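First chain A sits with chain B, and in the next complex the same chain sits with chain C.
So, the complex of A and B:
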């Protein structure tokens, strides 16, 4: 399989140029067009294969477990059959909710700052840092949450998990916001300034509304991405097998429970894990689709 | 051919001079730099109140730059610097302590490309008054109707005030932008080639509108179109390479230019 790949691509390229070269000049453009379509289509199919395999696997293995119990029951003690993921779903909602409360305002405000003020050394430093942080391995965010919160209070906690997730969200939201704002045409700003509005008024009444759907899309993508993170939570929220809503204690989260259950040698645990994974994928897909539908509807046309 | 009836008759009749009447905007030794680029060189001019002054000249000569100095729009450009004095009603708008935001309420601007906000027609007009603290619906309603009527747009849009301004034609959008500017009650309206994106019919309507507006506002209009300057403006300033070459009544300027460069330009020898 791999060898076919490694050899196949150069061979394809050679065939492509030979065939094009043999064709009469007038037909080359059409031939190139056809070849591009075919190759492009093939690449799309190749890229989709793993995705399709993954999803069919999840659906086949996990669908059966999507019962009412899955949503209403907590995990049973190890080895017992049945049980659900209620504790983990609620835990995820709490942790991701708290992370959003920290990450969204900070990220959006930082993005506004970079786009609107964004000159000088300070802004350049922030921009550089946020670019670096965008590529931050998520386990590092976990270590940060561990060092900042867990070590200080000597206690694993949902708060520490939320901080770790917020650290992952902030740079993404910052960049999306900055880019969305910079895309608002200069003519919109000038129109507003020309009527005697201040920069703050211009940002609030013209720039942000025009950039709104792009910013919202970015926020939702960031939240959804973070909702599926496991590594940062391993060192912070750690996980729980029962419902636990005290944010200063360790708390369950969906990706954590998937990871922990998948490592158990029992069928029922593994069933829970794969159903949890299916649910997570469906949930993230649902959020993405909803948001793109809303964004498409509400996107203001810019002249 | 189009008939530019009203605007043309008006200019032919109104060739005022009286050594340039009551000056509204006066530039004294204005130099302007974009970073190290010297865009305006020692500009001295006095533009009369309640008249239309056209700024003409080959492209890149600094017409827009000068226009944007008058409402301090150039302040938004990094590294730009103005020296000299720019006086409006006798007070220097670049003096320390002058707030450019407050200044722009009194000196409105209409841009080359119509730039309505992506909002309803009503909200476009109400934007300025709202910014300046008018909240009452009844008051806003009156302003919206008055400004749209003045810009000859009311009859065309009165039944669709809540529709997006972006659905209007280019010419309608530009008249909307003029109405939006009037809504904050400026004293001066600056227009930067307001017709260059419009077709001849829409252009003619804007010119008619300008003729109407000068009873209430002082208007400065940049145009690359010399016919337009002759039709619409009482006074004309000719710029070249960042210098003001000549300023006079439009009539004198075109019939009897004092400078050779002006003569060459208006007779189309370069441009």
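So, the complex of A and C:
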């Protein structure tokens, strides 16, 4: 079947050009337009097929495992059936929570700096670097967490993972905050200054409230995104099969547990990985759906 | 308000004359946060260089030119991973980049309006799904499908080129390229959409007024105008593909070899760091950090170039 497909496409292209060549001018233009529409539609379908296949596969294979046990039990010893991902979910919450405590304030303040305070070459450099840093490969953040924290204390730790995730978070939140603040009309600031407010008062009481929903949307998306990161944690928090709440020790995280379980040759481990993946995808779809419902107009772009 | 200097806008420094203690704190705090972004870049570069120094000193230039990565013999040449990264990313760019550009051109200019929102949401979701999930799907669904159904057929038709060998486990460069293609579609589509939207309306309207249909307006006016930005979108997609780690590590097969057969296992810079780092000795770790340094330079250079190109289209249109 695929062979017919592989050979059929060149034949179709030849037929298309022959037909186009034979048609009179006016029809030829219409035919080209129609062909472009078909091509564009095909691109949409091709882009979305993997998404549909992925979600249907995860739902079909993982739905059964999404029981109460999944949320209330830790992983069983490898090879045994049952068990859950309580330890990984809690671990993810702790690591991402710590990363947010570093990443959100720094990112938002840097965004305010770019939009309200900074001028000239220095600010332009920061703006450019923050844009470039959104493309930082996540594994590099992992290396950074390793060399900065793990190597220094000679101990894999959740803190090192949080630092790595914060590094990934900061440029994204900086961009989003700056763009959101720039959307606030200048007249609002002028009114505030006209009443005698300082710049601090203006930003805190006028500008930030006006940009709040856009900034919050961006923060939620950025946090959700680092919540799915695996590579940085592989080098820093490395994972655990039991519940661990000491942040100076290695800790489990949901994406990490999915990866480690997927690499095991046992059905039970694979099942746990698929269920974990389904939970992660549902969670991310939920966050995206909520946000696009709440703030369809203010949604910033992340890439 | 008379104190505003002529060259300043009211939104920046309105009251220079009066000292505000809170503004002093506010400014230093936000400036420090801005400086943190700069610090991240500098610290990353510093850590990567110092971290990779032991391996670089041992291997010298051979680290860049060596084609053999053998941990047992302490041979660390990065070429196999540069090869794996380059080929898988270029495959991704060819497959995913073309789809991303067509998708956005279609959505911006040709598609019915009611399609925009649902498709926009789905493409955003495509971007939000973590790398690890694509990797898992690759192992469970894509690899068996490619191995059983697709690769034998491709071999039968195109095997003579030498690029598509007979025996395949389903993992390899092409599989990684396909997964990466799926992952970079949203990136390419988002930036393409952005640059198409800043093409001045009157140029497009002018083309339509001259009797062009929407396809012709797109091809003759909008795409040429936005071409630099679209190139930027593709480069950005390439940058994403280069640095992608987990999905690649799970489907590329992880073998430090240089083969022209796209069905054979390989390894990329990022995937090799992820898979070897955990059990690596000190010198090997240093060599892996060296791979990270190469990756960092590649990714920054590509992002730099892409942002420049996109910014140029925006400036040309008078946006910001």
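Following the convention adopted for this analysis, the second predicted complex is superposed on the first by the 244 of 303 C-alpha atoms of A that agree within 3 Å, B and C clash if a C-alpha of one lies under 4 Å from a C-alpha of the other, contacts with A are read in each partner's own complex, and residues count from 1 in each chain.
Just so we're on the same page, contacts are C-beta pairs under 8 Å (C-beta built on N, C-alpha and C of every residue); 3 or more make two chains touch, one makes a residue touch a chain.
The structure displayed is predicted, hence computed values, not measured ones.
Chemist: Touching A:206 in the superposition: chain B (first), chain C (second), both, neither?
Modeler: After superposition on chain A, A:206 lies in contact with chain B alone.
Chemist: Using the touch definition from the top, say if A:77 reaches chain B (first), chain C (second), both or neither.
Modeler: neither
Chemist: Touch test for A:7: chain B only (first), chain C only (second), both, or neither?
Modeler: After superposition on chain A, A:7 lies in contact with chain C alone.
Chemist: Can A:120 be said to touch chain B (first), chain C (second), both, or neither?
Modeler: Touch partners of A:120: none, neither chain B nor chain C.
Chemist: With the two complexes superposed on chain A, say which partner A:193 touches: chain B (first), chain C (second), both, or neither.
Modeler: both
Chemist: By residue count, is chain A touched more by chain B or by chain C?
Modeler: When the residues of chain A touched by each partner are counted, C comes out ahead.
Chemist: Output check: A:265 vs chain B and chain C. Expected answer is one of first, second, both, neither. What do you get?
Modeler: In the superposition, A:265 contacts neither chain B nor chain C.
Chemist: List the residues of chain A that touch chain B in one complex and chain C in the other.
Modeler: In the superposed arrangement, which is not itself an observed complex, chain A uses residues 119, 190, 193-194, 198, 201, 301-303 for both chain B and chain C.
Chemist: Tell me, which parts of chain B touch chain A in their complex?
Modeler: 71, 73, 76, 78, 101-106, 108-109, 111, 113-118, 127-128, 131-132, 164, 166, 173, 177, 180-181, 183-184
Chemist: For chain A, which residues are in contact with chain B within the complex?
Modeler: Residue positions touching the partner: 119, 185, 187-188, 190-198, 201, 205-206, 209-210, 300-303.
Chemist: Which bits of chain A are touching chain C when the two form their complex?
Modeler: Residue positions touching the partner: 2-3, 6-7, 29-30, 32-33, 36-37, 39-44, 46-48, 50-51, 53-54, 57-58, 61, 105-110, 112-114, 116-119, 122-123, 125-126, 128-140, 142-144, 146-148, 167, 170-171, 174, 186, 189-190, 193-194, 198-201, 203, 221, 224-225, 228-231, 234-235, 238, 255, 258-259, 262, 270, 273-274, 277, 280-281, 284-285, 287-289, 292, 296, 301-303.
Chemist: Across the complex, what residues on chain C touch chain A?
Modeler: 1, 9-15, 20, 22-23, 25-27, 29-38, 40-41, 43-44, 47-48, 50-51, 98-100, 102-103, 105-107, 110-111, 115, 117, 119, 121-137, 139-141, 149-150, 153-154, 156-158, 182, 185-187, 189-191, 194, 213-216, 218-219, 236, 239-240, 242-246, 250, 270, 273-274, 277-278, 289, 292, 295-296, 299-300, 302-304, 306-307
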